[in-house]
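Both complexes shown next keep subunit A, but they swap its partner, so subunit B is in the first and subunit C is in the second.
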Partner chain A sequence: MPSDPVRGVRTIDASEELVKSGLIKKLATVGLAAALALTAAACSKGGTTPGTQAAGGPVELSMWTHNAGNKGELGAIESIVTEFNASQTKYQVKVQAFPQDSYNQSVVAAAAAKKLPCILDIDQPNVANWAWAGYLAPMEGMDDVLSKYLPSTVAKWNGKTYAYGYYDVSLAMVTRKSILKKYDIREPSIDQPWTGDEFMAALEKVKASGDFDYPADFATGWTGEWWPYGYSPQLQSFGADLINRSDYKSAEGVLNSDKAVAWATWFQKLAKDKLIPKKSSADPALDFVNGKSAFLWNGSWTAISTREKFGDDVLFAPPPDFGNGPKVGGGSWTWGISTNCGDAAGAAEYMKFAAADKYVAKVAKDTNNIPTTDAAAAQVPGFEPGGANDIFRQFSKKYTTMRPETPGYPFIATEFAKVSQDILAGADPKSALDQAVKNIDANQAANNYFQ
Partner chain B sequence: MTIALPRTRRSASEQQDRLKSVLIMILRIVLCFVFGLPLVFLIVASFKPDTQIFADLGSWAAFLPVGELSLDNYIGVFERVPFAQFMMNSVLISVATVALGIVVNSMAAFALSRVQFRGQKLILGIVLATLIVPFETLALPLLWWCNQLPYFGIDGFSQGWLDTYEVQIIPFIANAFSIYLFYQYFDSIPKELDDAATVDGAGWFRIYRSIVMPLAGPAVATVAILTFLPAWNSYLWPLMVVQSEELRPAMVGIDYFKQLSVSWGQLMAYASMITVPILVLFIAFQRAFINSIASSGVKG
Partner chain C sequence: MSTSTAVLPKAAAPTKPPKKLSGSGHSQGRVGALMLLPAGILMLVFLLIPIGLTFLLAFTNARLISPVPAKFIGVDNFIRLFESSTFWKSLTNTIVFAVVIVPVQSGLALILAVLVNAKVRGTNIFRTIYFLPVVTSMVVVSMLWMFMYQQEGLINSVLARLGIIGPDWLGDPNTALFALIIMSAWQAMGFHMVIWLSGLQTISGDLYEAASLDGASPWQQFWNVTWPGLKQTRTFILITITISAFSLFTQVNIMTQGGPLDSTSTVVFQAVRTGFQQQQTGYASAISLVFFVLVLAVSLVQRYLTRDKDLGK
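Moving on to the complex of A and B:
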């Protein structure tokens, strides 16, 4: 029997204990059962080529969406699909929902395996890159219908249309009328937004009161696409940009211009002077609702939770004007056709069917987002002219600057997020921006400027 | 012979020992808090509404079941994800990977440890060298391979393993670290046992099955744990290779709660539901696991 040589006492060997507890036998039994179940299950599943026809039946068109777990939008999409499937006998669209947070990874992996579905939804800023990479096919014969859409919901590249979306969202400076009144801050309007100086003075006033953890929350705890979506409009309001849009080749003299440095200095000052948290919590809207901040740089998606708490007191103010006009980002989820589709005509037929105003209204209503057409807006309570949410539609129409519609955008976005985080953490604005420009230009050149 | 220490020296030494015990105890309690508090937060937050979770942050209330508590988040989880399906998939994938992994890796290690053939050490070296390659760098080539490979099932021949259970299991059965663990353990079992068995007419498989494996309990348990955990926690690979909801494992389900507005309470409830059963399992078998890990030479 094994014994502990140090203590001189008999110990139970692990193997004995395992045998005693029957763990090995149990493991083997369960493992065998699992392996058998696996065989049965694995054999019942087979991949299908998108846009294929079962003998004598309709052509199956696979469709991927980012809405798994999002009952509202998924339900709306499924109801459009049901109506399309019932409207004709030639095609059957089959929806496959993926979780949003990991959707892009799933699509890119499927593209690498040439297993893309016929129809898929795409986050608008990725459209140019995916079109350039050959994932997406251009859509034709829809110009008339799409001319009624908000420009930010129609994704184009190289003069061709690759995707359209039912809705857009808009950034806004969320605050409360009662806060503005208490601290004697002017209530801004679309025609008269705050100037940069006015906004900074308002933050200082609120900070001096000590009533809030931070005067404002810019959602700096979020990651990924939020950084270019949320902060590049401010950069543009200062008069700079992410890339030179005349030819989309270089960021030199644009992202590291004097105006860009002014934006970076301002952005850094916000955190340095504790006007915003250097790193917000995971849910700044809930912090705002809980009274931890007086201003929230966020978007139209906060309307429900903030109104629920503050009612009519909540105010969705336009973005401050830092010299070049107030700016918001544009583009949300859009729909396109993949190059992998076995029946592109069927996919195009669905896309035309699904672009009707009533479907735009349906999706916008179920997601509480900005309907892309005027006709649909009139059908969605709150978004009709003068409605409570009409303000977002006006922001979208008046202030939108699209994120650069170039295949190089994903790299530009990553670089911008990185440099913004460095600046917020205290990096020298000019040298940080110079480095970002160097990296972006190197990537552009390495990809032959995405020609 | 015993030496009587002066009373004052003995009591000073006793005091020192006591102080040491107290300090160790305090350190253990602190460590317990450090590792335990996130779990407490997870479970407590799963019963709170989203606004309260964030209102409580920054105070001890975040770790206490205070305020408006309900099972709403748990109900919400069942409305949002097919929880039973995801759990069943995870159990199936993890258990199959472990069970098949034990068989395949132990056989490979047995061959490397007991059977004499040319290039044995070279093969072992190559197997060990694969340990330094991170999975992320292999993911895309592996995806490509899995998409090219044929499969024979009940429905007959098919090409490409994507969107199946087997693509989530088979690539992870052979594991260099498991082979090494078995190899190391098998090497410590006296070779004379093989000789005795051979004299009695046993072949290699009989020696493997009836002599070596019954003595390799600790190595089996260690490999089982070290294979089960990554299989259970697998996230990136299923994202890449599985498109059908009915084949997704539990870990991918976490993303269902991360929409534009994250449902924090439901996310905590879901995370509790997929973590606690595994935790309970490990607590129930902890003594066997610790013993097995200690005796198979895996530390840290």
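Moving on to the complex of A and C:
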């Protein structure tokens, strides 16, 4: 998984415990300032103040990314920055890369000290939360360019655009044509995906043969953001959802509706009947490649390793339709401008420069992800219309339901992950979902519904 | 251990002329304060201030990420906490974990210590082997045991040889906590073995010699010489194991994330989850505060029960 798009919202920093309210805030700022001063002193490279102008020289714009240790994407971003710096003399963008695991906490700590960089990348489901918290500034005057982007790569909140991304990833039911043939299972297409019943019948058939350890693998061994990213689309395909999207206030009657209970019952049955492992291994794609499972609920990132082994035999089937159409999640890493930027005009100029199709193509190509624009897709081998990976782009276009774009999402994500895990472990579906709804609604109310 | 340190200054004092001591007292005090400073600052910044903040934040609705300033909300957090079934589950798990692991871990560590204290060749090798898990990172140990506990993992394969069908250790609410206890005891046992060992080695050989002259069996020697001689060590071990048992977190975070069905959720795990993943700083502070009171109470009770009764006379 090159960019690991689905595990973004995880732990956030301890130092942020020291937030808000008079004295506490002061103490917090002093402490964080001291910590930042130490960091700055420790690595002389990192000590850039956002948007400062060296006497006479260009204005320096700092940029943070989560891509340290992720060569492909970091290289692509750096080459865009180099081209931008060479294209004009007014601004100089300076990249600082963080390891993904500590990226969010660095941003949260920097925000408390009002030391955010000018430009930063944000995991899409965090955008609404960070925009609400005042970390991110809305982007103006880019609607024309971004109208050509896949909607799932343009992060909006409250009617304003806060970030855009170069690529998306898509979920798919990975299997092999030869398996479908052997067990006499219909090969699905975008026009005619499997129905829920058809899919379950297929699993039962494969199970009866005893040829595989498990008929399917849903990657239940992963933790964190994978759970809402991977399984809330199935919930939505059953006709339920994480929160009522008419006003984003309550989950009552949505996450605990009859349809949600039907989803939970189905999900629980998968594990109970040993149709999927209750806890998958750390690398379910490897298990699939090794013939331990016949179907793999995973994403476009598995294309390389599975094709390497099975070639054209691999089939990326659309998600089964459980009544409300096939669904996949959307949104990956996106770029935005912070509110601490000393030169917002410069940051905006970079954002416009970097949104060009050729850069979309470059980043998508180097990360093996779905390019967000049609023009870029034509330039990325495999993603051109009719190309081997074009199917993922079509899934993204047709089936995407975004994870709810509301500041309450990070909390909803943890509750959904927990309730799904509990359901898989055998909890009573209805009462588990009721409890999750109660917790989500309490959090919504405690935050005055994020108004 | 503590008796020997108490004796040393007394023995050393008479060699120094008392006059000189009082003369340099002032500057010595300053040097002392100076030497205390680095540790003092660290304690202040990383211990006292955070504890103070926890007390304050526990009564507010502070959030990790929010544009709205924190408000004082009285004891709302505590009411919510005491009404939460996850909290009671976590508290029960924590207590069960502590109650089981204290005797198991200290008992096994004592057996190991007695074994490696024997005057035979090669004890150093065993000491090293038993101590290895302690110097291994808990994260690594947790990962390894996670593999061993899998349905088709090492442990179940061994059990299968014996004709027993092993459970899904970490996936079954009935066995998950038990599995964590075994693994935790195994990991930390070596550390307490060393502490016991240091205690064993403070017991004078003369006592054993006298006991064997009186015709005491090895078992009688253990009960009448070794056990009373380990009194101080026992107190230390009891308190350290209890406190570390209460702060159970790493294993849970890596191996089970509190599941299945909250069967391995602990108070600290719940605090971290609500504080960071769920961004509820105020509520997490309330959990931490309850945890603080709990550990304090347990330590005080232990101190009282294991106090040196002779001192009162």
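Quick note on the criterion: the second predicted complex is superposed on the first by the 404 of 451 C-alpha atoms of A that agree within 3 Å, B and C clash if a C-alpha of one lies under 4 Å from a C-alpha of the other, contacts with A are read in each partner's own complex, and residues count from 1 in each chain.
Here, a residue touches a chain if its C-beta (ideal position, glycine included) is under 8 Å from a C-beta of that chain, and two chains touch if they have at least 3 such contacts.
None of these values were measured; they are calculated from a predicted model.
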In the superposition, subunit B vs subunit C on subunit A residues touched: B
Subunit B versus subunit C as contact partner of A:Asp101, first or second or both or neither: first
Which of subunit B and subunit C A:Asn129 touches, first, second, both or neither: second
Which superposed partner A:Ala110 touches (first subunit B, second subunit C, both, neither): first
First (subunit B), second (subunit C), both or neither touched by A:Ala445: neither
Partner chain(s) touched by A:Ala345 [first = subunit B, second = subunit C, both, neither]: neither
Which superposed partner A:Ala208 touches (first subunit B, second subunit C, both, neither): neither
Partner chain in contact with A:Asp422 - subunit B first, subunit C second, else both or neither: second
On subunit A, the residue positions that both subunit B and subunit C contact, one per complex: 12-14, 16-19, 21, 24, 27, 31
Touching residues on subunit A, where the partner in the complex is subunit B: 12-19, 21, 23-24, 27-28, 30-32, 34-35, 37-47, 64, 68-71, 96-102, 105-106, 109-110, 112-115, 169, 281-283, 285-287, 289-290, 301-302, 305, 309
List of subunit B residues in touch with subunit A within their complex: 50-51, 53-55, 57, 79-81, 91-92, 95-96, 98-100, 102, 140, 143-144, 147, 151, 153-155, 158, 160, 162-166, 169, 214-218, 220-221, 224, 236, 239-241, 243-245, 247, 252-253, 255-262, 264, 285, 287-288, 291-292, 294-296
Touch list for subunit C against partner subunit A, complex: 45, 49-50, 53, 56-57, 60-71, 80, 150, 168, 170-171, 173, 257-262, 272-273, 275-281, 284-285
Residue ranges of subunit A in contact with subunit C within the complex: 9-14, 16-21, 24-25, 27, 31, 108, 111, 129-130, 132-135, 223, 278-279, 410-411, 414, 418, 421-422, 424-427, 442-443, 446-448
